[in-house]
Amino acid sequence: MIGPNGAGKTTLFNVICGFAVAQSGAIALDGKPFRPRPHHLSRHGIARTLQGVGQFNGMTVLENVLVGIRGGRATEEAAYEALERCGVSEFAGAYPASLPYAKRKRVELARALASRPRILMLDEPAGGLDSEEIDWLAELIRTVETTVLLVEHHMDLVMSVCDEILVLDFGKPIALGSPGEIRGNEKVAEAYLGTAA
Amino acid sequence: MDRFLYLTFDGLSRGAIYAAFALALVLIWRAARIVNFAQGAMAVAAAYAGYSVTNATGSYWLGFITAVAGGLLLGAAVERVVMRFVDHSSPLNGVVVALGLVLIIQGVLGMIYGNEFRPAQAPFSRDAFQIGGVALLSRYDLFVFAAVGTVVALLTLLFTRTPTGLRMRAAAFAPDVSRLLGVPVGGMLTLGWALAAAVGSLAGMLVVPTELGLHPNAMDLLFISAFTAAVLGGLDSPVGAVVGGLVVGLLLAYVSGYLGATVAPMAVLILLVVVLLGRPDGLFSKAKARTA
Amino acid sequence: MRRTATVLAVVLLAAGCSSNGTSNSGSSSDTPGVTDTEITVGTHMPLTGPAAAGYSKIAPATKAYFDFVNANGGVNGRKITYKIMDDGYNPSNTQQVVRQMVLQDKVFAILNGLGTPTHTGVLDFLKTNRVPDLFVASGSRSWNQPDKYPGTFGFNPDYTVEGKILGTYVKETYPGKKVCFLGQDDDFGRDSLEGIEKILGSVTAKQSYVTSNPNVGPQIGALKAAACDVVMLATVPGFTALSIGTAAKIGFKPQFVVSNVGSDPTTLTKTLGPAAGLLEGVVAANYLPLANDDANPWIQLYKKVNSDYNGNAEFDNNIVYGMSVGYLFVQSLQAAGKDLTRDSLIAAVEKGGFTGPGLVPVRFSAKDHSGYAGEQLTKLTGGKAAYFGTAYQTDDGDGAVAAYTGTAVAPPQNGIPTAQ
Amino acid sequence: MVSAPKKVAISRKKRQRISPLLVVIPAAALILALTYALPPFRNYQLATVGAYLCVTAGLTVLTGLNGQLSLGHGALMATGAYTLALMQNRFNLLVAGIVVAVLVTTVVGAVIGLAAARLRGPYLAGLTLAVAVVVPSIASTFDETFNSDQGLTVALEPPPDAITVEQWQAWVCWGAALVTVLLLAYLIRGRFGRDLRAVRDDETAAKLAGIGVARTQVLAFVVSAACAGLAGALFAVLAQSVSPGAFPLTLSLFLLMAIVIGGLGRLVGALIGAVLLVALPSFAQSIAESSGSVRLEGNLALTFFGVVLVVVMLAAPGGLTSLTNLRIRRKSQKGRK
């Protein structure tokens, strides 16, 4: 999902997650109406990251990830697995605030992955990252065995990992299609660059 | 009806003092995000200074000015000497330091002046004007209203019409950005504390003649009522502080008058619960920023 | 955590290396707090906090009197050491400090512990440890339970006794007038009202206040609305001043009749400041010489002690009170004799028969542990209180209020009682 | 991914923690030994530390781990104390009385906690402050039950002759305190503890991680209320009396100071705080006593107490426990700024 600043991407995420209420329209999951309370998302197999970092600074990295594992026993093995997956297991005992920004974003990804979601919602995961980190992120998104909903401004990333792209502008969808289709869409270019006038 | 009128005016004149004191709490909260639990003790210290000057010179007004100026200096000193060095990573640290200051101030005052009530003069007669047999307001009450009104007006002017006020607000909301813009954030913080302490001292001077007298603990109860008022109105809102103060004053008067003094604290609790459940950030809170 | 616990243990052990023995029978040689040269007694008082006003002067005055006695050879060759502990009028602090005095500092007795809620909590503890608990500073009836608390004795006339005496005065002086009542919302107010209503029947209007809300506007407004002619106050000094000031403020001028507890003229005058003129004609009661009565030989004695041993503190009724407590305690020690034990002290107090500064007798006996038996009325004129009429005594039951006609005794020549 | 298993093994070994039982059992033995070694007054102080530990441990979970600021725990203690007094005077079954006291306080705590879960920071402080102030008012309004300011006396069976009352009180208080600490230690080391901290650190992220924020907050309040109720009941046992004056607002404030000074969010900090609550006033008073002047006496103690608070907070903002692991604190703080 892409769109210019203020298009309503995060708001849509918030509606899906139950942080905000939609004035019209409905959300469905598995063909059933879906209006969850935010903390019930994980029961539906949905995990989400936040813009920037939403970290628990008073807990170690390992504990941060353990928090993400709901249902059943929160095992350290599962947490380590997620940390390994994101390449930050060596920091398990550190406090997130002591890590560089990029590593903190990885910790947050690890927390989301640890719950083994079937839908992973990523809100601008590439924001503030350098190209090396973005490459790693792209690799992760490509290889992860789950549906990923991605809100992102980084076009290269979007184009390289997405199967389908939704373009929002002023709260309205203006285009939907594969990367190739979107790339050529005039309306999209207009929305991003402003009308010629 | 007579009784209702009487209680209304009784409540308003006390409420005005709560309002002034609550305003002092709001000022510091806005400037430093600290609930200044030492506000009461600081106001008492200033009032003692005023008391000493009044006793030495025989002039109430010299004492009054000393108290307010003393409050100003004490506020600045507390910020410069102590609060500046508090680690604010946990909001509790500031609270605990403030509580420590309360003990120090009360202890030192007790050592200097003794734990006795000292009589406090009122500059105007406290005999109420009678209208149709109902005692309404005294000259002193009018003085209280005028003083509190003046303070509110001056603060409003300061914050909305002067560059200093603008800088203080900026420093409080975004210290880092303000620093880049050349606002002396530390200085603004000191100024905020000084102003708040001066307003608190003024409220203290106003309340002392209406209560038992001057005592190291004289403002403990005022602090409780004023804090309640500030929370009720919304800690970010000066208007809320004034309205909250008046509401608490009226509530205490009505409940004490109609139901008995014993139940008054329960009434305050119930009011707080009702208001805060409806509006968790007080009556005059602004809309919240988006959560995610 | 284990390390912390060890540290704690070491601290406690180090602090607790004092001897451990609590036997309290036999002769004075093994009585706690008594040696051949010293008697240690303790008290708990609010020295800080809102309740400290006024009260914090009592214990130092008692101590000053003891110092005076010590300078003149003490009692049976023993000097009296008076430990004053601050409890801030908080009952749980009282627990701490009284235990410290009894268990750690091994005081011989607790003297003049102040406050009903504070002292109530230590009654059982003092009883268990068989510590004499003399002359409690409050007018509660709880101190007079010789069967339950054989070691506890009161000092102040109890609030009901006082209520009956004040009620009698009002009944005789203001027949047919509307009498109203404002009292503190605890046993002080309740017992006082009970005494008043025993004499007067139901009062026209009654109001109460709590110390945590220093605004009596609503209550006084209600009394005004009830058109009361006489207002009886069971109030502490600050609230007496507040009530009288508030009444004047709304143009309400009844006759005030005030409990001894809240009627110290020095405190009231100071609290009211320039408005002290409002006190003119206020009726109260007392049972000890008045601080401003310079002609009274007791006051002369106390003033001398005050200037010599109390740093010349401002002389008021609290100091008179404190020194009178000291005097009565020295009398008790004298009566207990040279072989001082806890039992002999209690026996001596129960034997009674003490005469001293009081206008009415203290009525200690095996069956009665209450303090002074009555009071005499005072009136404030020109900022000074003076006695008028006769002293009355009565009990806290339905007994009659009778005039007491005994004559006042003068203090002994050297100011120190001798064994009687 | 190749070297993953080895890494896991290494890291996990480092995280091995001592079981709370291994701390509590020796502690119990130590306390037991102490009660025989100490004179009665020290035993009484020891018992008081135990009673304080119950409430500070609960409060540090609420305030330290969950970030909820309560100024009303004195009132919750009063609830427990009054319940125990009423039960005891009626049925004279101490253990049952204590259990009921905890239950009643838990219910009261749940009610306050439900309101508290909607409030943040100073607003919660304001509400709980109003709760703390309401105690004397309730005691006088329902004075037939609570007997107003004078309060109730608590009838207690004297212990067997072989031990002193104070020793027995120390056993009761520390028995309860150690059980409390043990339960809390197990509670906060697992998922519940993580949830508490997650909610404290970032409510939105906590919700996304599947934590019921309001539910967690109410639970935290309930747990700490139960602890406060237990402490209140123990205070009633210690004092053999209950009155509103024993549970003033200052008590609530002192509890808060104790846990902050001790080290917020840590049970060891709660222990240090509980010790300080007993030791500092007593120490201050002994200093003041040697000063001789009556005007100074109480006030010097107050001032001393205040100075200690301010100095500790300026020198060791993380509380006294933080002095032992300065390195970690520094690191995490640097990151936060």
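A, B, C and D label the chains in the order they appear, each numbered from 1.
FYI, a residue touches a chain if its C-beta (ideal position, glycine included) is under 8 Å from a C-beta of that chain, and two chains touch if they have at least 3 such contacts.
Chain identities (UniProt): B = Branched-chain amino acid ABC transporter permease; C = ABC transporter substrate-binding protein.
Being a predicted model, the structure only gives us computed values, none of them experimental.
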Two candidates, A-D and B-D; the one with more touching C-beta pairs is B-D
Based on CA centres, what chain would you say lies at the far end from chain C?
-> A
For chain A and chain D, what's the span in angstrom between their mean Cα positions?
-> 41
Distance between the CA centroids of chain A and chain C (whole Å) is 74
Between chain B and chain D, tell me the centre distance in angstrom, where each centre is the average of that chain's C-alpha atoms.
-> 31
With chain centres taken as the means of their Cα atoms, state the distance from chain C to chain D in Å.
-> 36
Mark out which residues of chain B touch at least two other chains, giving numbers and ranges.
-> 106-107, 110, 114-115, 262, 264-265, 291-292
Taking each residue of chain A in turn, which ones touch at least two of the other chains?
-> 17, 19, 50
Residue list for chain C, restricted to those that touch at least two other chains = 47-48, 52, 56, 185, 210, 212
In their shared complex, at which residues does chain D touch chain B?
-> 63, 69, 115, 118-123, 125-127, 129-131, 133-134, 136-138, 140-141, 203-204, 208, 249, 253, 256-257, 260-261, 264, 295-296, 298-310, 313-314, 317-318, 333, 336-337
In the complex with chain B, residue positions of chain C that touch it = 47-50, 52-54, 56-57, 185, 207-210, 212-219, 221-222, 224-225, 238-239, 241-242, 245, 248-252, 267, 270-275
For chain A, which residues count as touching chain D in their complex?
-> 17, 19, 37-43, 47-50, 54-59, 62-63, 66-68, 70, 74, 76-77, 80-81, 84, 89-90, 92-99, 108, 111, 115
Mind pulling up the chain D residues that touch chain C in the complex?
-> 23, 26-27, 30, 34, 37-42, 44-46, 48-49, 133, 136-137, 140, 148-151, 153, 158, 165-166, 235, 238-241, 243-246, 248, 250-251, 267-268, 271-272, 275, 279, 281-282, 285, 289, 294, 297-299, 301-302
Could you please specify the touching residues of chain C with respect to chain D in the complex?
-> 1-2, 4-6, 8-9, 11-13, 15-16, 18-20, 22, 47-48, 52, 56, 59-60, 63, 83-86, 88-93, 95-97, 99-100, 102-104, 116-118, 120-121, 123-125, 128, 140, 185-187, 190, 210, 212
